[in-house]
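Quick one: the structure is below, questions incoming.
Letters A, B, C and D mark the chains as written, and numbering starts fresh at 1 in each.
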Amino acid sequence: MAKIAFIGLGNMGSPMAGNLIKAGHEVTVYDLVPEAVSKLTDAGANAAGSAAEAVKGVEYVVSMLPAGRHVQDLYLGDGGVLEAVDSSATVIDCSTIAAEEARAVNAAAAERGVAMIDAPVSGGVGGAEKATLTFICGGDEAAVDHARPILEVMGKAVFRAGPAGAGQVGKMCNNMLLAIQMIGTSEALNLGTAYGLDPEALSEIMKASSGNNWALQVYNPYPGVMDGVPASRGYQGGFLVDLMTKDLGLAMNMSLEKGTATPLGAAARNLYRLHGAAGHGGLDFSSILQFLAGNDIE
Amino acid sequence: MAKIAFIGLGNMGSPMAGNLIKAGHEVTVYDLVPEAVSKLTDAGANAAGSAAEAVKGVEYVVSMLPAGRHVQDLYLGDGGVLEAVDSSATVIDCSTIAAEEARAVNAAAAERGVAMIDAPVSGGVGGAEKATLTFICGGDEAAVDHARPILEVMGKAVFRAGPAGAGQVGKMCNNMLLAIQMIGTSEALNLGTAYGLDPEALSEIMKASSGNNWALQVYNPYPGVMDGVPASRGYQGGFLVDLMTKDLGLAMNMSLEKGTATPLGAAARNLYRLHGAAGHGGLDFSSILQFLAGNDIE
Amino acid sequence: MAKIAFIGLGNMGSPMAGNLIKAGHEVTVYDLVPEAVSKLTDAGANAAGSAAEAVKGVEYVVSMLPAGRHVQDLYLGDGGVLEAVDSSATVIDCSTIAAEEARAVNAAAAERGVAMIDAPVSGGVGGAEKATLTFICGGDEAAVDHARPILEVMGKAVFRAGPAGAGQVGKMCNNMLLAIQMIGTSEALNLGTAYGLDPEALSEIMKASSGNNWALQVYNPYPGVMDGVPASRGYQGGFLVDLMTKDLGLAMNMSLEKGTATPLGAAARNLYRLHGAAGHGGLDFSSILQFLAGNDIE
Amino acid sequence: MAKIAFIGLGNMGSPMAGNLIKAGHEVTVYDLVPEAVSKLTDAGANAAGSAAEAVKGVEYVVSMLPAGRHVQDLYLGDGGVLEAVDSSATVIDCSTIAAEEARAVNAAAAERGVAMIDAPVSGGVGGAEKATLTFICGGDEAAVDHARPILEVMGKAVFRAGPAGAGQVGKMCNNMLLAIQMIGTSEALNLGTAYGLDPEALSEIMKASSGNNWALQVYNPYPGVMDGVPASRGYQGGFLVDLMTKDLGLAMNMSLEKGTATPLGAAARNLYRLHGAAGHGGLDFSSILQFLAGNDIE
């Protein structure tokens, strides 16, 4: 069993840390929110007074933070985690941030002789809870291999996309595709039901055909077609429209930086932005179906 | 074993009829192209001098034609198939045509007391050859149930989408979604490889994540990632850009008729039209990846 | 002075007929709504009990109706206007309808030896009131020339776009471009004001630059920038979102029929549809600025 | 008459400097390309061995450079122009760069007590030659007022959009709108001509209607409709596709930074990128008409 520091106990980080504890690892947690910490200490974690204190003497540091600036604050500041951690430790940042930010942080770690990888996830809160996340890693092969047993406790698949930052690139490509598919699935369901087709029958048809995709499999956006998904509980919880808009913004920045044409990605970013601007940024992203249909959502 | 007339022996119809023969059915075929007919008679089919002659005394009529006007010519003309066929027969049109055209033809059959269903397919030439097609049916439940054993010889799944015409609606919804996903997959692969990611690794990552879709599973658009797909043979064969453009046109007509918003479907139709207009209408539709990347395709 | 029948006294037809009366022509009007008729008889028009009665003995028939089916009812039915009118008369349909509908009606007139042109307008209710409409005509040159003096009473410009139906084609091209420009202007104003620019200053800059267009000149979509436009009175009146959506639907049907790529036209149709579906179909079309900004509009 | 340093003698800068000379100002020029310099000295300019030397003792500095990094090199480096210039001088940067870059350079000038404005232009090479440019200025009112007489020698209109950087914001808004309108105009002309309309007649109709815009007035994208424009000389010269793509990239960066929805701006950026990626980046931007029509362009 390994000594692990886990920093960032939000909707994603909390169940991820919980799964490490359940697997028998010795986990020290840190978060600014006391309630988030106490939930984990109840489950068997140690609490630390600061991130720097949490990482002392551990073999692994795992962080899961909302945005690039939080990751920079954690790792790049003076007296920060990279100074406090043993140089033999492996640092795993699971946050979704810009690829260039990830490269900068990983480079700072390398300067201090600390192995670090970016390991953003796919699978959402449900995947975090059920330990079925997919980890998309960027960094040296040795570091990814060393992190693998820890990541496999929290997820079902671990991929190395390439060197530092490549995990973030892979994540953004995936999420751009996800957004496009969720909108496409919604358009197809709205069009078919306008002709009187049953949404469940149509979903089954497309799932068994070339329209098959992840949304049809486990995240159907039409209310009542699938149990336990946000669409069947008023689009509460899940992956918020505003977070998808943020991810699409990162993907568009990448597209502009490399001069790549991403016409549907750009259209998706604008549709999610319009949906959020209309007051629905706090709903699950599958609610785009209702925006496209012009339906009121409370 | 049943007596079956099969009309229309193109890239799709030919292997479909072949699978009926292999299963031991007595199949009489008709097509305007002699070579298409002789290929099937070599395999054990009977040949007829006309469509009307082919359908005499059969229990099932299966047709697979390129466009709505061919289906109308076959079924609506004087001295046509609907006059020659027994009223106890079941007519199965597998062509992809407009829903309103399908409704009109099915209604003409009903007037003569002949059961008819629209049963367009998903799965392409590969699915026709391997008998793994998905049939998306519209028509009375009894007629679909009666057709089912015949369809199951040619495919792996048979769905009833609803009443007459609903098969075409379901097909168009599916194909619109397919087009969107193929473009989205291409955008994601182009963006990731612009950052140096390996297309195969990125494909594996998205397939194991929320970006998973049919293209990543069996029809990867990036050359060399997957064996046996059009992308790995210069985009030859497969489902042509011009045919996808036609299908997207039918979907857009539906969207306009019902006043449905389909922003990504509309964008997809224009991108495929631009790709075809640039001289690539005869390539497989997964070649949109190259169009988006600005690469020359021979 | 000419004897003229005017059929269809809505928001557009009423002031158009009024301008003919003011110019001294002898105008007989017909409409299903009695109040619409009495307003014109107060201004000096004769009233007729039916359209067929109205057109008896006149030199010109002018019609201005909401949609293609009304035009077909008026001209194609038995005992209709084309039977009642003198064969020496010139028929001018100012309605905005599909080009193929216009061609069919004009052909029916030609069969009876009656000269007919399609003459849809640009300029809106304001242009109808101020007699500054632009007429976009389709039909024989002689018929357009014969209609010209009458049209010039109601507008400032008369163009012949080509043979029968060409007026409708020209109108649809113009309105598709108008929709694109109104959205583009709104995007530019929203983007600039997000950076703190004054909307009036930015409007002046673009009007004096290569961004200059009709919206910036006479129909600014930003509230308060321009007096007397819908944007400065809560987007009431003007050219309704639902009517623009209808016109964009006609343009998209044309685009599909000819296989033309119109990516921004298609995007505009979807944005207007989404705006209308969100409950704003009865506002002026310049309100798209608020939809794009995510602002509530009462 | 004023003493003026002019730095950057490309397609735009050269005729702009020439107009200052013609108006009788004493102009000292600097450029890395000797031929560009000698053309201006032939016209009466003084040549300087460096930018720093050029600006010594002048009342105005005007710069016109290709991109942000050139502007930063010129103004921000040690021993640069801001050190060499008199603090009483007014610096006018006419380059099109990111607003934040402009703000940074203007701030550096302010630190040294030098008044500086960003003053990007609209009007292209033709406007530069005919002195009909529009200047879109950002900076203090006093500085803009002081620059105005100099700018009016080179253009027909001078606007102040707001404080430092606002000129760049206004320019990007304008150019995004221009791109949208050029594509919209092209779509309308392609659609109308597909129906047999004459492109010149249709252009006249839309110019007299609500579709009126700058492209129809002075920059028609259809070959042969208008004399002297790029469309009538094989799309040579003018404003290049790759430069429009660059400007749209800057506009998209702005849109992402502020979270503004710009769906048509995003679509325009992708269409221009696709056009450039297909090998046409060096053609005038009005050639998008041919890309949309699927026509070969040499």
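Here, a contact is a pair of C-beta atoms (placed from the backbone, for glycine too) under 8 Å apart; a residue touches a chain by one contact, two chains touch by 3 or more.
Predicted model, so just to flag it, every value in this text is computed and none were measured.
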item: Chain pair with the higher count of C-beta pairs in contact (A-B, B-C); value: A-B
item: Farthest chain (mean CA position) relative to chain B; value: D
item: Chain centre separation (chain B, chain D; CA means) in Å; value: 51
item: Cα-centroid distance, chain B relative to chain C, in whole angstrom; value: 42
item: Between chain B and chain A, distance of the C-alpha-averaged centres to the nearest whole Å; value: 37
item: Residues of chain D touching at least two other chains; value: 259-263, 267, 271, 274, 277, 292-294
item: In the complex, chain A residues that touch chain C; value: 267, 274, 276-279, 291-294
item: In the complex with chain D, residue positions of chain C that touch it; value: 99, 122-124, 134, 136, 157, 159-163, 165-166, 169-170, 172-178, 180-181, 183-185, 187-192, 194-198, 201-202, 204-206, 208-214, 217, 219, 251, 254-255, 258-265, 267-268, 271, 292-294
item: Chain D residues touching chain A - in the complex, by the definition given at the top; value: 245, 249, 252-253, 256, 259-263, 266-267, 269-271, 273-274, 277
